[in-house]
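Below are two complexes that have subunit A in common, paired first with subunit B and then with subunit C.
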Partner chain A sequence: MSAPLLASALQDAAAIALPGAGLASVDAARAAARAMLSTREHLVDARAEAWRYTSLRALEAQALPHARRGVAAIDTACLPVTHGARLVFVDGCFDAASSRLDGLPAGVSCKPLEALDARDWAAHPVLLQVASGADALAPLNLALASAGVLLEVADGVHVEAPLDVIYASSLGMPVAWHARSAIRLGKGARLTLREWHLGTGSGLATVQSHVRLDEDARLDLVQQQEAPAALSLLRRDVFNLAARAQLRLHMLELGAALSQHALVVELGGIEAQAELRQAVALAHRQHADLGLDLRHAVGRTRSDVRCRAVVTGRARAVLQGAITIAAGADGSDAALSTQNLLLSDQAEIDARPVMEIHADEVRAAHGASVGQLDSAMLFYLRARGLPEAAARALLTGAHCRAVLDDIAHEGLRAAAQQALESCIAALG
Partner chain B sequence: MLKIDNLHVHVAGKEILKGLSLQVNAGEVHAIMGPNGAGKSTLGNVLTGREGYEVTAGSVQFDGRDLLTLAPEERAAAGVFMAFQYPVEIPGVNNTYFLRAALNAQRKARGEAELDSMQFLKRVREKLKVLQLPDALLHRGVNEGFSGGEKKRNEIFQMALLEPRLAILDETDSGLDIDALRQVSEGVNAQRSPQRAFIVITHYQRLLDHIRPDVVHVLAGGRIVASGGPELALKLEAEGYAGVPAESGA
Partner chain C sequence: MSETTLEVRPPTPEAVANALGRRYEAGFVTDIETESLPPGLDENVVRAISARKHEPAWMTDWRLAAFRHWRTMPVPHWAKLRIEPIDFQAISYYAAPKHRPKSLAEVDPKLLETYDKLGVPLHERARLAGVAVDAVFDSVSVGTTFREELKRAGVIFCSMSEALREHPELVRQYLGSVVPTGDNYFAALNSAVFSDGSFVFVPRGVRCPMELSTYFRINAMNTGQFERTLIVCEEGAVVSYLEGCTAPMRDENQLHAAVVELVALDDASIKYSTVQNWYPGDENGVGGIYNFVTKRGECRGARSKISWTQVETGSAITWKYPSCVLRGDDSVGEFHSVALTHHHQQADTGTKMIHIGRNTKSKIVSKGISAGQGQNSYRGLVRVERGASGARNHTQCDSLLIGKRCGAHTFPSIEVKNPGAIVEHEATTSKISDEQLFYCRARGIAEEDAVSMIVDGFCRQVFRELPMEFAVEAKKLLDVSLEGAVG
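On to the complex of A and B.
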């Protein structure tokens, strides 16, 4: 007996017209994904290490219908300020009216999944591949992906204005939707991208992306997760970095009832570097889990991971996974720090990432801390007249904001800080 | 304005203040001197409402109100300010933002209109001039990476900005160079008025050359053991604390 969520997904997958339908390769891949899905009983293997802290049992017990085109609607005026081109998906459906794709510089191609032609699908096989494994999330996502983008930046092209991919949820009733993206930056290309989750819906969303950075490319990515409070959001991002490529990733985890983010970063070329920053602020019964799999595959690669979480109520923040420096990846440099604030007795933080080092002459630094607000600081602020709640919010904000300070684009930085600020003010 | 009567305070289970009495009237400047560990900072901490200081007996009245029942922010709004002996660094909390929030929180608590950013900046400019604090410090985190002297000057700058009715300066002079000592003293003197009072805690007579006290007290063993005019400070400077009456005195 498979879980109700999977059973309903299989029914929908056979009945709904999805992007690429009618193209032989797409149909075949989706059929294979459905076949895989039909053999699964559960969304994930609850015994697997990756799912040690996060249970999807309650989620998979719901038979969620797939979101249908036309039912969803969002008021464009509700969308946040964006600075360049943007693609808007509402409940997993591309919203052409809210999107703006004109004005992209030459050498940039950006299409919603539904606009891909046979050549696009063929040129980006990751869009149709499912990693092997026991997990039903990957076949589920492929079998039903209606949203997502194909984004390509040609060699040497620098895109100045940041690009936004917005996933909005809007429906009153719980639905499921799935997004799947492929992003490729050519040699020496540069792009600033924001993935923004927002809205008011509920149900389940899965979002899976493959990002390939060619030699000397640089991607500045802000993932601003302000998903609605009743949504479960399951993300998986895979980054492959060639020689000297740079990834700067800022993750803001503020929304969603349950947010699980599997993050795979492969430093596959010499001197590739990844800077990962995560700011988490959770309240009530929110649950956010970041599973990190960062691999230094070759020598002289660099990674720097900094996470700051603040949790209150009965919320739980999880950071797990590993940074691996492979045999032969000599001269690599890895740093990981996680600093966390627990604001209530019933909140929980599990920060247990590990470093596995199989190479020589590497530099690896690793630090984790969990604490409360500093009482001397709190007193100082209050002694100057700030009420206790305001003083707490100020200190809490400062704790998390530190990891957002190095967002390169000023507008994106301000928006991220603003979102964090209002979230923390609401923590109470 | 301030009336402390027979104050007994325990810290970490140990009695530190043992029946301290002190009266400070509006317009006065009181200096408190005394050996290390005598309880001078403890007095300041109790007056400003820091946690961990347990009052076991005695009372503190401020403008006729029982000060000890008020939260630290309520005391601040009532006009009590302490320039800390060791100002804490608060990385990530912007100095200017914090000061404006603090000032407006106080004004709001007193039922006064809040200052908008233009009015606030005007006030900041005026006060900065007196203390010769570099502008750049304002844009950093509170005390973040400030030198020892900069921290002390920042405390006095905050005092000038917040315009308290009672300011307690806890060893604001230690760690200051000669010019900074003068600037800080000017900052304090500029604030002197018939409505305001100061308690200046110091180890050194030289500060009192700049800020003339009305009364000098010696705090030793948890009490005021001697009080006198400015000449008492000179005497202490020359003779040390050996000459003042022991704990039993006062």
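On to the complex of A and C.
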């Protein structure tokens, strides 16, 4: 018997008109996803290693209606003030009034799911694909995705100003919404993008995206997760990098009751590079789990992963980071480090920095540490007249901020640092 | 003055293969009359093993409970190992020499000759070596040396069968208290069918006057070896225990599923060293021992210490995680490991350090060497429980790759629930660098010797933890592996 969440999702999937409805390929893919979903009893296999530290049992016991059902009005008060181009989705619905797409340069195509035509769906099959054998999250997302973006940057186009994709939750009642996106940067293209989760709502959101970077492309992506405190946010991002492509990804994990982020990065072309940074600050009963699967498929690829977390209250931060260097991927260079501060008796840190190495001409190293604030540093600050709370906040902020300092865009960096500072100040 | 040019190049794959082409010197078979149970496993076999050993009823019931539990358990697949399905009904679970000696003086000369060839002192050389040895041949212990000397010091060192007869209350108190019968698939199997092993009891305040050692030898075909070792150190007691093992070269994969339990009470210290040299299979991956071992020590007392040191060079497959449960305040756990995989060998090995008491400390040093098509995985868990304030752990995990087709993998897990804990993990993966070889070659050192020196240096941090005679043997084993010259 299916979990209540899956049962209600199946009912909604049959009843709601979603983007692409009426197009044969979309209808067929959604029907296949519904069929796959109907065979699942649970959202995920709780015995699987990926879900060792994160349980979805309480979540799936709730029958959450889709946000599109019975929504009368959208409260946009929670949206931030931004100045560049942006797409805004509120409770899984595209909010055209709050979005601004007219200032995008030539060579950039950016459309919400509901604006896609048959040619768009056909040109981007990843929007309609679910891996066979996948857990229920993938078919759930496809069967019910109402939000998301198709973003393409043509060969050689450099987009200087950052683009925002904002997912806001605002409804007072617990609901579920789902988004899926496809992003492609052509050869030599450059883009700075911010994915921003915020709002005041509750329930479940699943967000899945597939990003492809062609040769020499570069994506600077900031994922600023300040989702509402009562929301469960389950994300899956897949990045494919061609030769010499560069991914600079900064992840800020501050919000959500439960945040699980599955991140797959495939360095598929020589000299492809991925720099991943994560800053986590959690309190109360928050739970954040990053599951990283980073693959060096060919030689002379480079990855550098640095994660910093601070947890207090009864919060729990999890990093399951796997880096694989395939046979023949000689000349690869991989580094993974995770440093964590545990600030309360009831909080927990779990780290699993895995490496699988199948080539010998490589450099691979990982490090992990868990501890508390350095008492010598604390003493140093207090000896100079700082109150203990201020000294602690200063050191805690510095610990996490270190991984945000290399956000290339000044405005995004300042906004991320500001969000982090506010969150750490609230940790107490 | 003429100039000479030193040609330095990376070792060729062929040269490394030659260098690592080990000679397995312990691969002979002893022609000795053996009595054994027919292949197969059911409750009658479990009862038959228990009956042959004249065990008390509670022990038979203990075995049967373990067997019933084992039948409900799935075969574990989580390790990074390719394991051909094991037909547990095709294995004989008991094999022993027909002639059972009452003392060392009665031991069959062929057996003495066997252990002599293996370099294990059972007879006249024993006194010179000064190490007490329990020799386990297939399913039974065939002799234990220095028993009287140890008895005078109050130390009990005997086979597990004898311990069940002579000291049943001690065995019953501690057996299964560290590794319960249903702990895991292979521990449950061992609990049902274990046939012998060693028992050590060091009473309060006694420092064991000599090193204790058990030498495990598989000889018979179509058999598995399932020994059980239990070491108990009372308050303030100290013991150092060594373990070695070999098997004949055969095309079949023989199963070795052992359980080792250590108990250290207040201020006690147990040092457990292993040089594992089971037959690794040939260069094509044919034959070799499947080595599935559960080893766990519990620091029950305050300020107690358990130290595991292992050098793993043999076995087709190694599945082994010697662990420490640090229950007593201020207790210490250590794990030092060298694991070498060559040809088609696979090793998935590591440790668990469970910090429960306050101010507990653990240290992990793991060195993995992969060559040929060998696959070497470190799998570890450091867990700091909520009450383990002041806990400290440092883990260092290094891998050395020799060749293009081998693999080195690390799967460390860190789980911390106490804010007063400090846990650090660092890991590196490297190959023998051209610069290191150049440095040695520029000083006139042959390439083969240079590789040997570099590997020796890589492992030194672990070797120095071994008792001297084992360190010599471990070094020799690695040298044999590297014999044949590089370049």
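Note that the second predicted complex is superposed on the first by the 415 of 428 C-alpha atoms of A that agree within 3 Å, B and C clash if a C-alpha of one lies under 4 Å from a C-alpha of the other, contacts with A are read in each partner's own complex, and residues count from 1 in each chain.
In this section, a contact is a pair of C-beta atoms (placed from the backbone, for glycine too) under 8 Å apart; a residue touches a chain by one contact, two chains touch by 3 or more.
Everything numeric in this text was worked out from a predicted model, so none of it was measured.
Asker: Does the subunit A-based superposition show subunit B and subunit C clashing or fitting?
Answerer: With subunit A aligned, subunit B clears subunit C, so fit.
Asker: Could you give the angle made at the Cα centre of subunit A by the lines to the Cα centres of subunit B and subunit C, to the nearest 10°?
Answerer: 80
Asker: Using the touch definition from the top, say if A:402 reaches subunit B (first), subunit C (second), both or neither.
Answerer: So A:402 only meets subunit B here.
Asker: So, A:390: does it touch subunit B (first), subunit C (second), both, or neither?
Answerer: In the superposition, A:390 touches subunit B alone.
Asker: Once the structures are superposed on A, label A:359 by its partner contacts, choosing first (subunit B), second (subunit C), both or neither.
Answerer: The second partner, subunit C, only.
Asker: Going by the contact rule set out at the top, does A:371 touch subunit B (first), subunit C (second), both, or neither?
Answerer: second
Asker: Mind telling me which of the two, subunit B or subunit C, contacts the most residues of subunit A?
Answerer: The partner making contact with more of subunit A's residues is C.
Asker: Looking at A:380, would you say it contacts subunit B, subunit C, both, or neither? Reply first, second, both or neither.
Answerer: first
Asker: A:410 contacts which: subunit B (first), subunit C (second), both, neither?
Answerer: In the superposition, A:410 touches no partner, neither subunit B nor subunit C.
Asker: Look at the superposition and give the distance in whole angstrom between the closest pair of CA atoms, one from subunit B and one from subunit C.
Answerer: Once the two complexes are overlaid, subunit B and subunit C approach no closer than 16 Å between C-alpha atoms.
Asker: Identify the residues of subunit A that lie in both the subunit B contact region and the subunit C contact region.
Answerer: Of subunit A, no residue contacts subunit B in one complex and subunit C in the other.
Asker: Contact residues on subunit A for subunit C in the complex?
Answerer: Listed in rising order, the residues are 49, 327-328, 340, 342-372.
Asker: Spell out the residues on subunit B that touch subunit A in their complex, using ranges where they run on.
Answerer: For subunit B paired with subunit A, touching residues are 48-51, 71-73, 75-77, 81-82, 84, 87-88, 90-93, 98-99, 101-103, 105-106, 109, 141-142, 158, 162.
Asker: Where on subunit A is subunit B touching in the complex?
Answerer: For this pair, the touching residues of subunit A are 374-377, 379-388, 390-391, 394-395, 397-399, 401-402.
Asker: Per the contact definition, I'd like the list of subunit C residues that touch subunit A in the complex.
Answerer: Listed in rising order, the residues are 78, 80, 384, 386, 399, 401-431.
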